[in-house]
């Protein structure tokens, strides 16, 4: 039993939820062995829950262009810049699992410049962090830097969109006080 | 005819879009008299388009708790902090129309502390801007400040969620280079 | 009748002013149709009023080298960085009128990098914003970037001087609480 | 003979100047024993020279309300924040002389919070530095803090105006590359 | 075998070191099972090595006043602010072991405000982070906040000294490119 | 007699100190003519005192590679960025003496970019200030910039180590409230 509530808002009971939310939550639980708190917290608002996870899945559950591990690198790097405990801990675990590298998530979260990544991945994270921190200054030269590493237009879109989506997620998690489940911390540490 | 493309990505033709997107776009055009560029640009990715506007409508098309005009105030204030030309210009127009005040959007965009708003709205924007700029530092005392002005838990959630959603939108618009339609600048100026 | 006082200081009556101030104010009113608040507020201190407007006119009422519209672009761009409601609103109106472009002032105020300006004007604003934000870091390479776009030494001086003068004006307007006249918002919108 | 030019602009010869500028410069030289470089540099533009020094004298050559030494404290504190070598060195010398305290200028330039000043002067500098750094956030509570220390409305105006004027001067000196005369460094060190 | 060198400087061989350094290094290896890279890297400069570890031990190997775990909390919190991979990873491991809490180090590294710590420890970290980020603004009121939580003068000294020492260590590790040993990441995860 | 205590902590009496500290302090007094306050303040903690000065001397009392004056330039430049009154005043005096240039310390403290130093020294200070402000971003290209000016690996180490050591010293002095002795201000002014 977790003595800490998932957020600073009241958490709805599973019974009270629309069927599609309940099913999604039970499916996640069955796969992961626990229900990540973000599902319980966002369920307070079914329409927002549906849009959030539809958007999330459209961006993260793809493996063409950027790999799934690379998508998680963007999440961890940008969420660390925003000091988002939920996203760094939860997506750090997913990154460890997807990249099959137990050290990578911590390296990227603390200082991605010193992480064990390729120059191409470094360029991807440079761009993603500029979106996270100072998107108003993104210019054609930033796109050119991506193309020089072989990124396509759709890859560039993905980087912008993932960094943008987690700009939202980080603020939701920090603003609503969503607490990472204890299970995430140790996952994928090998 | 607009000589400027809507973004730095290729814009799909209406014909090439799934029916639901085309219908949404035509409905907007019929209501507004033009198609706001964000619709044309995001249509490149139908799943993201659907999730984006579903999320947007869930947050912005409500009038209980925060008024629609107050929701737009949050958008304009946070988008200005992120120097997002598209969102300030487009939602500035919507704010002028919804608030029936031709000066308010420009006042909020430049310096919301000097805008003609109530102390309660000032507290709402203080909270929203903390979410936009430094959500990791949001604490119970920030929520207490909202409650002192009579905001409910659901109002607080709305402020967090709107500021977070536009943290995403601002980065999408800046990162993808979405240009505001010329029509927006003059709307609602009375 | 404007229900809002022009600033947080008591405003002197026209009758109480020295003749030269009164004449300047009446001349402005006769030309513009209203008295911009900065005239009424600064009149509390006649010597400062005289020096302020003498300096202003020496920098802004010239059309050799930089055009008058370009001078106003510098004002709008740097005043936006300083969140100066008075200067962005008032000089935004003047820029719309002088450039005969109704969209330019809002574009520059929100994000000058995405405004419809020439590369030469972009270089001018890059330099001006460095003066506004971090003048201590101005170096020979910044001057070289101006020369590469054909700016003369006197043009460079003008950019420094205008950005510097409005560093003062922005702080005066923000510090003294000078409110933009309602008339400015709609001027030059075509 | 000084081997360093006064700025990165060509310096006009005394002969070439309008009579009123030449007289002002000679008067300063006769009083100080040398010509501070700001006079030589700004003389390139006679109208700006006249306005600059008229404004300067209107703010700094008064001893009612704020003392002349207190006015110089504002200059040194705000110029240090702007890393303005000319203004910190030149006005540091004037402050040492006017306050008859050889340590005060260096203390204020490095960290005014630890300088040997009164709580009233501390409040004055807190306000002045807010004008220098973030004037858009000045609010009624900042004025109230001044009044609590007995400052009048005219004192508050003086603080705003001096901090604003040197926001301009610092950017002029840094932007034009004005070099402090060697004579200033040792003046008033007792 | 570690394929990554411990830093961007050549690492001295154990044989080439003065006896006292060699003994210290062998003692650490015997206790920890590996040689933390900071020992190998700093050994290039024996006098600096001796002073560094003498200082370190004087601050960290004490359990009166602040507990050893609390001292490590200060290290992790301030090192995270400085994005120091070596110190966050290595001292995160030590904190997990000393506090016997596998989640605490990651919580503090990402956002100490949301970590499972006492209000007294929160006050300790607030003070420590002010030392790390803006020590020039430390004032009597910061000390008073510590005293209100029962911290003694010597506790306050310890907080200042530990935050200061790791301001140095973080810059050494980042500047010299010291890489955390792989062994640290998984230690104390329970 | 100095009416100001050396810090906000109680100062131990000379008699109460271990013999080696007392001897070091008396030796400094005999050489300098006064006891710099940092010695009196740190003596409260003999082990920290010994480590601090051992480290200091290992870095600062060398003249191979970087000259002693260049080492002091690094101290003054980085301490100014940290607004450390003690270190800027005390090491400013030492720099004036070691460089035999009465203006240099003030120039570097206010804006090192405009100081009378060589391009090689400018590169040294650029690197040192990056260590002071943003060491996590130091990369191979920063080292390459040093090598292009002829700096060796050991010189680079010295720059990192001195900037890091004074990152600590500045925080100790600011955090403990160490006051510069009045004697320092005028030393070496020629």
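All chains are identified by letter, namely A, B, C, D, E and F, in their written order; residue positions are counted from 1 within each chain.
Going forward, a contact is a pair of C-beta atoms (placed from the backbone, for glycine too) under 8 Å apart; a residue touches a chain by one contact, two chains touch by 3 or more.
Please read all numbers here as calculations on a predicted model, not as lab measurements.
Shared contact partners of chain B and chain E, listed by label, are A, D. When chain centres are defined as mean Cα coordinates, C lies farthest from chain E.
In the CA-based superposition of chain A onto chain F, the rotation angle is 120 degrees, rounded to steps of 5. Comparing the centres of all chains, each the average of its CA atoms, the largest separation from chain B belongs to F.
Chain C and chain D have CA centres that are 23 Å apart.
Centroids built from CA atoms put chain F at 51 Å from chain B.
Distance from the chain C centre to the chain F centre is 44 Å, each centre being the mean of its Cα atoms. Between the Cα centres of chain D and chain F there is a gap of 29 Å. Residue positions of chain D touching 2 or more other chains: 83-84, 111, 136, 174, 177.
Chain contacts in this assembly follow no simple pattern; the graph is neither a line, a ring, a star nor complete.
Contact between chains, as defined at the top, is found for A-B, A-C, A-E, A-F, B-C, B-D, B-E, C-D, C-F, D-E, D-F, E-F.
Every residue of chain D that touches chain B in the complex is listed here, in rising order: 136-137, 139. Against chain F, the residues of chain E that register as touching in their complex are 8-10, 44-45, 47-48, 50-52, 54-55, 58-59, 82-84, 131-132, 135-136, 138, 140, 143, 153, 157, 160-161, 163-165, 167-172, 174-177. Contact residues of chain B toward chain C in the complex are 4, 80, 83-85, 88-89, 102-103, 106-107, 109-111, 114, 116, 174, 177, 179, 182, 185-186, 189-190.
Listed in rising order, the residues of chain C touching chain A in the complex are 111, 113.
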